[in-house]
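So, here's a batch of structures to check.
Heads up, the next two complexes both have chain A, just with different partners, chain B and then chain C.
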Partner chain A sequence: MTANVLLTIRNLRTHFFTEEGVVQALDGVDLEVYEKEIIGLVGETGSGKSVTALSVMRLIPQPGFIVDGEIIFKGKPLHLLSEEEMRKIRGKEITMIFQDPMNALNPVFTVGNQIAETIQLHNDVTYREAFNQSIELLRRLNIPKPERIVNSYPHELSGGMRQRIQIAIGLACQPALLIADEPTTALDATVEVQVLELIKRLRDEFNTSIMLITHDLGVIAEMCDRVVVMYAGNVVEKADVKTIFKHPLHPYTQALLGAIPYAERKKKSRLTTIPGTVPNLINPPSGCRFHPRCKHAMIVCKTLKPMLLEEEQGHFVSCFLYSKNKEFAEREHGVFEPLPGRIVY
Partner chain B sequence: MAEPLIQVKNLVKYFPIYGGVLLKEIGRVHAVDGVSFEINKQTTLGLVGESGCGKTTVGRCTLRLIEPTSGEIYYNGENILKFKGAQLNKFRCKAQIVFQNPHASLNPRMKIKDILSEPIRIHKLLPKNEIENRVLQLISEVALEPSHLVRYPHEFSGGQKQRIVIARALALNPEFIVLDEPTSALDVSVQAQILNLLMDLQRKFKLTYLFITHNLNICRHISDEIAVMYVGKIVERAGADELFEEPLHPYTQALLSANPIPDPEAKRSKIILTGEVPSPINPPSGCRFHPRCPKRMDVCDKSEPSYIQVKPGHYVACYLYSNNKS
Partner chain C sequence: MKGLYAYIIRRLILLIPVVLGVMLLTFILMHSIPGNPVAYLGGSGKLPPDAVEKLIKIYGLDQPLFIQFFLYLANVFQGNLGTSISVNPGANITDLILTAFPHTVELTIYSSIIMVLVGIPAGVISAKKRNSLTDNVTRVGALIGVSMPVFWLGIMLQIVFGVAIPIFPLLWAGIHEPAVKATGIYLIDGFLSLDFRTIVDSIMHYALPSIALGALSLSIVTRMVRSSMLEVLGEDYIRTARAKGCSENATIYRHALRNSLLPATTVIGLQIGGLLGGAVLTETVFAIPGVGRLITDAILKYDYPLVMAGVLFIAIIYIIANLVVDVLYAYLDPRIRY
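Moving on, here comes the complex of A and B:
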């Protein structure tokens, strides 16, 4: 892909300073979003997907802070902007939609009112014009009976329709980047597919870049151009979608793909499992954070932290099994013997 | 020869809706509205459908945790709705349930060993001096450690809690277990551990499962047969592979096509339905799927298609497959 980079995240560390200790939620996240692409963030609970998104939006809840790294959007360092400057970007150039649309919608205003207000916030038009534009927007998004929908209140709509309205509001000022955090997780299958089609249209018709966060590898396979796999606050692998599914390199990605039951695979066959659970991020494992659960763990994995390096063209992986990290570990005198007590599975 | 352990005939369950100042009954939720199926011994029937279609209600009625409005439920040929006293007690040992949310299923103030021994004591299944051994055996069946027995539920992860819930269900040597979304609250890698465990236990203890899920991939993986529900009805039932390879009912076809496939090279042709699942309070007339059906015909909103066998072991309720279209 030779497209232009829209957003670059470098070595992002976001920590939460809680009473129990410092939760090292993001431990040096690296990723970029190109123009007009759908990039998927996938990983288990607590891997840092939402914190990454909230860091970009500069909406990290208390007691969280960006302690290191940079977030560059269209050349602007978001991590350095004042709240005032950030407000001009939020909802205009970057918008975020959430799993539960009720949080984003105001219950006491009609849908048309809310879309129109968003349009007016960023465009110099009258309320009437903005209201008409909101009907037009819903029509362009293939939402049935837009004239009626604009006059309804959020509670009068079904979950799937609310989610589509949230997307419409997010789109009202044609942002360059839309971040969608588990947008369809709460929806039924036949409604989920409607919303996913709508998200695809955004990219195809409005040229919006989309960062899609989900734990559903099926959704990733159907929607994304590129995929970022996260584990315990790190990006462990990054590549185009076909490479991730057909030729995964990181042991975590491989295990994750083996763990999903999927219709084409032989019935009642055993699934790959990953022993143990995701680590506590107040005292995360040293070195590679995956080492306590990795069947390939070596001594070096406990003593050194692997970096996200480009192993093949466009295919980045953070693991000492691969040449780039191996070279680095050899320079640091890492020991490649199996880690005593590593689990066989 | 396949022998049914469970036979459900014309199961109906309505929930009254109360309203007004006097809290009078103002309507009914048609949660389950005439459902029939069998589950053969040592097999798994997967029950799939979208939220609110009545899956949980079917599961609870089958165990008589709630009383059906009407219908018959046979367990080994005997109608459980007629069971009383000792007979009902015995059935309660043989038939168990595992729920979606393991956090809510475990009493936070009880140690694991008490959680596991409680059902054995209540049903007086074993003399006191044998209970401890049994509990040790149960905990190892679900691959947890004896040292876990003295701990409390909050000290465990979601997947470990679900193992404890499964161990408790096994305590009474059941034959039949209703698994209601047992992995929906779990992460993918932990979900795989639980699915493997359930398949192992089924083989080892010759268990029969009713597996309730909204996840089609899991359903096909674990089920021998699959029944698809839509607004209180089973619209189609077939062997798991047959249902996936040759879905007949237009709703099943749409549901399967909507299922995200974790393979970027898979061929896809999505059937995008309009609208959403209707409310079971006032279900649509005739075929309940007609307002969304891409293949609806004139007859479809007038009367209900009957649920018929169109091929050996393949049942469907749709006018496209019945001769009797009047």
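Moving on, here comes the complex of A and C:
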């Protein structure tokens, strides 16, 4: 991919200062989004996918703060912008749609009103013009009977239609980046396909880059150009979608792929599970955060944190099993042996 | 819309059984109290014994209770609420209530203005600046407001703003009579006859009683708006509004306020309904001849027909206030349709 970089996130750390302690939700996230690409963020619940997206939007709920790192969007450092400057970017250049279509729209306004509001916030048009533009927009999204839909209230529409309306709100100002946080998790399988098709079409029609957050690897395989695998606030592996599925490097990615059921699986091969649970991020494991659940864990994994290094062309992995981190660990640490007393699966 | 009218009519029909129930209950309760209105009049020694007997016959108090009740019902359904026995002997009860009601309405208008114009903004600001100094001051203020007895606050206001710093008149009496007396409500009649003096008089005379009376409702509304606002601010659509690029104020006043006013509407409507039923303590402290005082007076003097009429009146007002709230609800929340 030789396209231009649209968004760069470097060493992003977002922590939540709760009464029980500091939740280190993001622990140095590195990723970039290219123009006109669909990038998938995948990981278990609590891996930091949504917090990454909300950090980009600068909408992290209290008591969360970006404590370190940078977010560069079209050359602008988003993490340094004032609330006022950020507001002009939200909804116009970067938009976000959320998982639950039931509650994501305001119940007391018509959907046309809610789309028009976004247009009016960022363009100097009258309400009437904005409203007509929303009808046009719905028509462009192939939504049937847009004149009727705009006068409906959210509760009068189906979940899939509400999700399309959310997408319309997201696209109202033709943003450069659309972040979709599990957009189809709450939908039926058939509706899910339609909504995903719609999102895919948008990239070509609106030239929008899309950051798709999901824990569904099937959706990733179907939709994305590149994949970022996250675990406990870290990016563990990052590559284009074919490489991730054909040739995963990180033990976590391999385990994740091993846990997908599919029809052609041989009769005797069983679905694998990943032992243990997502760690508590107030007191995360030392070194590599995945080491307590990793079947390849070594002493070094407990003491040192691996870096996200390019192992092959465009394929980044953060694991001591691979050459660059391995060399680094041997040079700095001197020891390299399996962690004693562990069960080998 | 058609459904709404049908709903209103249905609700008004439901009024009938409620009213019958209220009347029966009041009748039984009133007659369970030892004594009767004629005995009350006779007890003052002004009536010779034969007059007492005559009066008992005239008012039908010697009849069996159920006959008395049905005779009363028959009168009520012909629009005749009867005459007062002991409060204002011989006076038409409809007239008595219609004279007292405007004063209660006027007090309600002022108290509701205080309740809505102070209560809603206070609740919103308190929620917006959660856990700040402003929020804590508002919360403590609201707590004091709900716990303070109305009569005590009324007397304190009289002492401070009527005696120590004599800005406001102590009692209700003495409002300049306007030329036009269409409603009996001084504020409105003042505007109708363009009588500036009456308007100012009305505001001055009602200031202390409406603050005393409004403090409680105000505190209830503030707490209600604050809590529902906090709940709404955690909703997903508020995050959507922010993600669209709405400013903090647009998010709060456009997206959150209308949703958080839904539960507050119920409270405000019922408070107004309650206020219209008369505020006995406030009316007593400030000597306002309103409905509340009329009815307590009637109870103390065993004035059966007046008590019945008063309770009936309050019940109907309360039910109508409830109905208005329900209709407003449909207007505020498109999810509710009748």
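Assume the second predicted complex is superposed on the first by the 337 of 345 C-alpha atoms of A that agree within 3 Å, B and C clash if a C-alpha of one lies under 4 Å from a C-alpha of the other, contacts with A are read in each partner's own complex, and residues count from 1 in each chain.
Assume contacts are C-beta pairs under 8 Å (C-beta built on N, C-alpha and C of every residue); 3 or more make two chains touch, one makes a residue touch a chain.
Given the structure is predicted, the values throughout are model-derived calculations rather than measurements.
The superposition on chain A brings chain B alongside chain C with room for both. By the document's definition of touching, neither partner reaches A:Phe65: not chain B, not chain C. In the superposed model, A:Arg90 makes contact with chain C only, not with chain B. After overlaying the two complexes on the shared chain, residue contacts for A:Asn103 are found with chain C alone; chain B is out of touch. By the touch criterion defined above, A:Tyr127 lies against neither chain B nor chain C after alignment on the C-alpha atoms of chain A.
Shared-chain residue A:Met57: touches chain C; no touch with chain B.
Contact with neither chain B nor chain C is seen for A:Phe17 once the two complexes are overlaid on the shared chain.
Set against each other, chain B and chain C differ in how many residues of chain A they touch, and the higher count belongs to B. The gap separating chain B from chain C in the superposed three-chain model is 9 Å, by closest C-alpha atoms.
Judged by the document's definition of touching, no chain A residue lies at the interface with chain B and also at the interface with chain C. In the complex of the two chains, the chain B residues touching chain A come out as 50-51, 157, 159, 187-193, 195-196, 199, 214, 216-218, 220-223, 240-241, 244, 254-255, 257-266, 268, 270, 272-274, 276-277, 292. Only residues 57, 59, 83, 87-92, 95-96, 98, 100, 103-108, 110, 117-118, 121-122, 153, 155, 166, 169 of chain A touch chain C when the two sit together in their complex. Taken together, the chain C residues at the contact with chain A in this complex read 235-237, 239-248, 250, 255, 258-259, 332-335.
Interface of chain A with chain B (complex): residues 44-45, 144, 158-161, 188-194, 196-197, 215-222, 241-242, 245-246, 255-265, 267-275, 277-278.
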